[in-house]
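Here it is, the structure in full.
A, B, C and D label the chains in the order they appear, each numbered from 1.
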Amino acid sequence: MFEAVAFYLFAFLTISMFYVAVTTSQALYALSSLAAGMIFISAFFFILGADFLGAVQIVVYSGAVMALYAFGMMFFDTTRDVKEKQGNKAIILGLSVISALLIVVIVAAPIVGSNIEALYPVTEGAGNTQEVGMILFTKYLVPFEVAAVMLLVAMIAGIVLAGKKMDLSLTLMNEQEILRMREEDKNKKVLS
Amino acid sequence: MELFLYTALFSPLVGSLFAALFGASPKTKIAGIVPSILLGVSFLSSLVLLVLVMVTGHTIHVEMMTWMAVGDLYIPFGFVVDQVSVTMMIVVTLVSTVVHVYAIGYMDHDKGFNRFFSWLSAFVFSMMVLVMSDNFAGLFIGWEGVGLCSWGLIGFWYHKESATWAANEAFIMNRIADLGMLIGIFLVYWNTGTLQYAEAFAAMPSLDTAVLTWMGIFLFIGAMGKSAQFPLHTWLADAMEGPTPVSALIHAATMVTAGVYLVIRANPLYDLIPNVGLFIASLGAFVALFAASMALVNRDMKRVIAYSTLSQLGYMFAAAGLGAYWVALFHLMAHAFFKALLFLGAGNVMHAMHNELDPFKMGGLGKVMKGTFIMMTVASVALAGIFPLAGFFSKDLILEVAFVEHHFIIYTVLLFTAGLTAFYSFRLVALIFHGEDRYKHFGIHPHEAYKFMLVAMSPLMLLAIIAGAFKMGYFNMVTDLLPATEYHVHSATTYWIMTIGTQLFVIAAIVFAYKKYTSKDIKVPDGTSKMENSFGYKLLINQYYIPYFYENYIVKAYRELSEIFWTKIDQKIVDATVDGIANVFYQTGEKTRVMQSGNLSTMLKWMVAGTVVLLSLAVVFGLAARYSGEIKTFLSALGV
Amino acid sequence: MLDHILSILIFFPAIAAMLGFVVNKDSMRSYGIAVATIEFFLALWLWFAFDSNASGMQFMETIALVPTFGINYIVGVDGISLFIIILAAFFTMIGIASLGETKDIKNMIITLLFLQMTMVGVFAALDAIVFYIFWELSLVPMLYIIGAWGGPLRIYASVKFFLYTFTGSLVMLVGMLFMAYFYYQATGQWSFSILEWYRLILPESFQTWLFVAFFIGFAIKVPMFPFHTWLPYAHGQAPTIGSVILAAILLKMGTYAFIRFSLPLFPDASVYFMFPIAILAIIMIIYTAMVAYAQKDIKQVVAYSSVSHMGVIILGTFALNVEGISGSIFLMIAHGVVSGALFFLVGVIYDRRHTKLMSEFGGLASVMPRYATIFGLMLMASVGLPLTINFVGEFLSLLGFYKQSHILTLLAGMAIIVGAIYMLAAYKKMFFGVITNEENRNLPDVNKREMLALIPLAIITVWLGIYPKPVLGTINTSVEGVVQLMHEKAISQEAKERIPSLDIIIKRTSAKEAH
Amino acid sequence: MMEIGLNHYLVLSTILFAIGLVGVMRRKNLLMLFFATEILLNSVNISFAAISHYYGDLTGQMFAFFVIAIAASEVAVGLGLLIVWHKKHNNIDLDSMSTMRG
């Protein structure tokens, strides 16, 4: 009973948050609603007994990713609207709904369900975190390490990409300076 | 003896190659003399072989080398000298020697002198291969070889449109017949397993009559082309575009008789299928009359003689078709002599008249060209079949054959044709040599030909006169090989009535021709006289409208159909389909490149669309896999 | 060295071509001639060392490439492929030797040498994948030759040539892969070796489908009606040398492949499809001959005549008996020589007048007598006059097919009529009559360099017409092997009857010899 | 209705996924595009966790972890690129990115 109530509640909240995120024209609203949606999603993880995953979700998404976005947004002129010229909305909606339906058909089809067997059954008497740790550091050790390296690479890449001309601030420069800088960039033919 | 065989066979080839060496250089007498001498050698060798065959009765058979040997098929270059082929060899080499010598004079002023002798000797070689070969394939080599040389020689004056046209016509028409011949050869091979005459003929009696009939028909189709039988006859008259010696040698004496030779050679086959034989005889009789009728009115000297040749070939086929092979061969021989003589005489006249061919524009030439006059008269008498010249013995015999075999219609037709023959021959003689000197109106000063040309012709004249004397000796010789049927009319009275009656009929025709065409008021026809406007005359002068029909309904149709095939079908349908398929892809690409607008948002939309497609496919296949049993039942219920 | 002669024959020109990049431009021609001549003599040596009494493959070499999937480099030669290889070497040699003033002669010679590698490779390959690789590679140099040295429409022509044949061969590739898969199913091992495929007896339904797959690839290459339209464009636009090689060798790949793959692998399907293919062949013969007659351009006449003659080759191949198949192989060589020579001859006049329209000519016989003579000889060979090389092949092909069908042979025999019609008409238009065009009055006759190409071809034309035995005998031995194999493999009763057993032939021949 | 099963979670996940797709297709602002991508990833994570739970198998959770890791790196690199782009062109409009036009 509690589970059902919680599920429907959080489902409603998540959907509405995400709906706001994709429809609003204000980047800040979108960011905030997205962050909220992320946290609501972690609620599902807790309901499903994946406590560690839920924690990670909150930490990584709401903490790291959203913070990153927030910092990123500082570089942009978020107050300025991006002109969002829309094409045919029916197509967009239609495609989304059809694909959603198809996915439901495929995933919820009984043939899929009956074929799945537990490869790493839940160990009795151990907490979720413990189980995750056991599997992550045995069977998935190599992917885990690779993921770590990937994160490192991504971090360095992010720094390198974003860090160029960190000493300059577009918001503090006037138009001429910006234009001149762009010209120089073009002449140098630097990638990106 | 093989030495003589090879000498007879290959010396014309050597002569041809020798003359060909001078092909590109200006005229040299030597290019004419050497081939002539070599042909003389060939003739002498043939003569030796003839004597040998006649005296000993032996035949010579050599196998020079293998030509084709594949699977079951084995074709050698084999040559045989037997009674039939040696007769042909004598005829061929003799006439061609004479013609060669004659041509040295005739072609004197021609730029292509050397080329001419090369072609002419090559022709003789091909003809020798044709008659000497011991198998059908070898025959076919010669058959096509003479066709080629005939093409080269008809179109010898290649700058003349009419000559090259006639050459191509002759070649193509012969090719049509050759296809029949080829099919005949295939039939022989697949049914008897060999192409050697001896073995193939030995195997034939055990074959089914239907097969034999087809064989006979197809081989005869081949013969029809080469011997210009109806309906493939038009090329022969047009072939007169070639130099006159060529007409004498190829289109009178030798090549056109190849068809007759084939039927004679294949006598064991035709003996087994008398129905086809009767057809051949009937066609022969028809062609004899048909060609003679066209000769009656024609105003081209050479064409008249050509039609006469055609008519005589009809006689030969009539005889051969009725099973009188030796008679046919005898007439072939006799005809070769006097017809060649006639042509060469016509050549002299042409030379004298500066290539004028209309006999109405001549007249009275007998006074200026005594030698030619005598020779042509002799030849015409022989052609008409007056006793005791060669034509009498051979042609009368054919009439007798038809009579004895109780084919009275054929007999009547041939008899009537004999009268026509006499008429048109002497119409020609009368118009050319007698009457007023009409040529003077055209400012021509005729002169007699070179002496040596007349001397060269003389053997032919001699033979045209005396060939009949060889009849018994010839009969004894060839009947070793050919069926020795003697044709005697049962009662002596009937025989005499027939012979004398025929003679009188023929003489009457001659007299009539003389009467009509030596009179003083003969004018060059100008298309106004009543006769010229009559339907019969028009029909005959236009050759029964057959060339017209061919030109308009076959040649033209072929040309137009080709054009349609190319422009309409090949370009508009076949190629357009290919290009159309290519265009579909091209257009698809052209249309879909809009997708690649470079706009990320559009691309994302397409990506989702693609996902949808893939997902639907997954659903469809998943469902199909799950419900495959039910689908199969459903489909089978529908009857798929 | 003799053990590896085939590999040498294949790769020597390619290596020489690569070295050719560093050769000086001025000495390139002599370099090319030298390489091609060496190659030709190697090919002659191959013939000399070839045992003409053995029907199987000789000089076989095997190098494993992908053993897991049974892909090996296997080459070998038998009587069927031997002469085409020699012909390829020969034509490359005289082709390079007679090259006129061409731009980028260095690239041209290098391309030709690469082309030679692919040509020899196709005819020597005994592994389907290797065969396929060479088959496709041969398109590239040809594409380049047409595209770089061709006429005004060269891009269209070369792309059409490439895409058309490429599409066909992809279908063929699918067939090959399935064949290998079937082999795997049957034996548990992968193999692309043609000789091993020969041992396999396929069910009739498989044969039918595979036959069709292979047929599409081969038919486009041949080219059979209605897949022939790329050829006139390719010929029309290609430079002389390109046309010569295309007509003489590349087209033969299709017909050769029929004999190498279709017949022995699918004997029942071959019998099943015999009549439909024969009808296509007859359409090819008569229809394209008529189209040739309608052409205004002499090169197009020769191009369409090629298609027409290929029809006879196809017909002979599908006679399915020793006479027909031997005849068709011989006709491949004959057609190579004759049509190659005809394209050379067209090139001669094109070099002088830069036009190929027949209406521009007329009366050439008196200006260029030697040219007219050689053209006349080749024309007569093309219409299949006895004692020329074409006749032997045509005669045997038709003779062979006559066993299968009388009526169809009669129709196919129209080849000798329609062939004569367009050829004589073309000859008449070009050589006979009076000179109407003043430009033609002072044309130089064939020069020495052109003679270098034409005289050998003329000699071969006559020599093999009179004495085909050295070639025909060798072909015959190998073909007997193929026919026997087909007879043994045939499943259906009809196929057994249509394809004669060799035993009967041997019996009859020995009886004849005894006689 | 009251008993929450796997299908409930899957449907939820699909709805979120659809919302994400709408965002992906609809937004022209690159930043918003990134947000939509995050939604897509999260919706999948829900499925993983749910499947993991209902089948008693931890593999689903493992995948969810890796998805989160990938999302994190994607954000890092993506934002970096975005900043560079913005510096260069002074906008983050999707329609302005058309250098790939064919």
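We adopt the following convention: contacts are C-beta pairs under 8 Å (C-beta built on N, C-alpha and C of every residue); 3 or more make two chains touch, one makes a residue touch a chain.
Just so we're clear, the structure is a prediction, and the values are computed from it rather than from any experiment.
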item	value
Set of chains adjacent to chain A and to chain C	B
Most remote chain, CA-based centroid, reference being chain A	B
Interface with more contacting C-beta pairs, comparing B-C to B-D	B-C
Distance-to-centre winner among chains (Cα means, whole assembly as reference)	C
Approximate Å spacing (C-alpha centroids) for the pair chain C, chain D	61
Separation of mean Cα positions, chain C and chain B [Å, integer]	35
Euclidean distance of C-alpha centroids - chain B vs chain D, Å	91
Chain centre separation (chain A, chain B; CA means) in Å	96
Contacts with 2+ other chains: residues of chain A	92, 95-96, 99, 103
Touching two or more other chains - residue numbers and ranges from chain B	601, 605, 608
Touching chain combinations (by label order)	A-B, A-D, B-C, B-D
Chain B partner contacts - residues on chain A that touch it in the complex	87, 91-92, 95-96, 98-99, 102-103, 105-106, 109, 111
Sites on chain D touched by chain B in the complex	21, 24-25, 28, 94-95, 97-102
Residues of chain B defined as touching chain D within the complex	593, 596-601, 604-605, 608
Touching residues (chain side chain D, partner chain A) in the complex	1-4, 6-12, 14-23, 25-29, 31-32, 34-36, 38-39, 42, 45-47, 49-53, 55-59, 61-62, 64-66, 68-77, 79-88, 90-93, 95
Touch list for chain C against partner chain B, complex	160, 163-164, 225-226, 228-230, 287, 290-291, 293-295, 321-323, 326-327, 363, 365-366, 369-370, 373, 380, 383, 385-387, 391-392, 395-396, 398-399, 402-403, 406, 409-410, 413-414, 416-417, 420-421, 424-425, 428, 431-434, 466-469, 472-473, 475-476, 479-480, 505, 508-509, 512
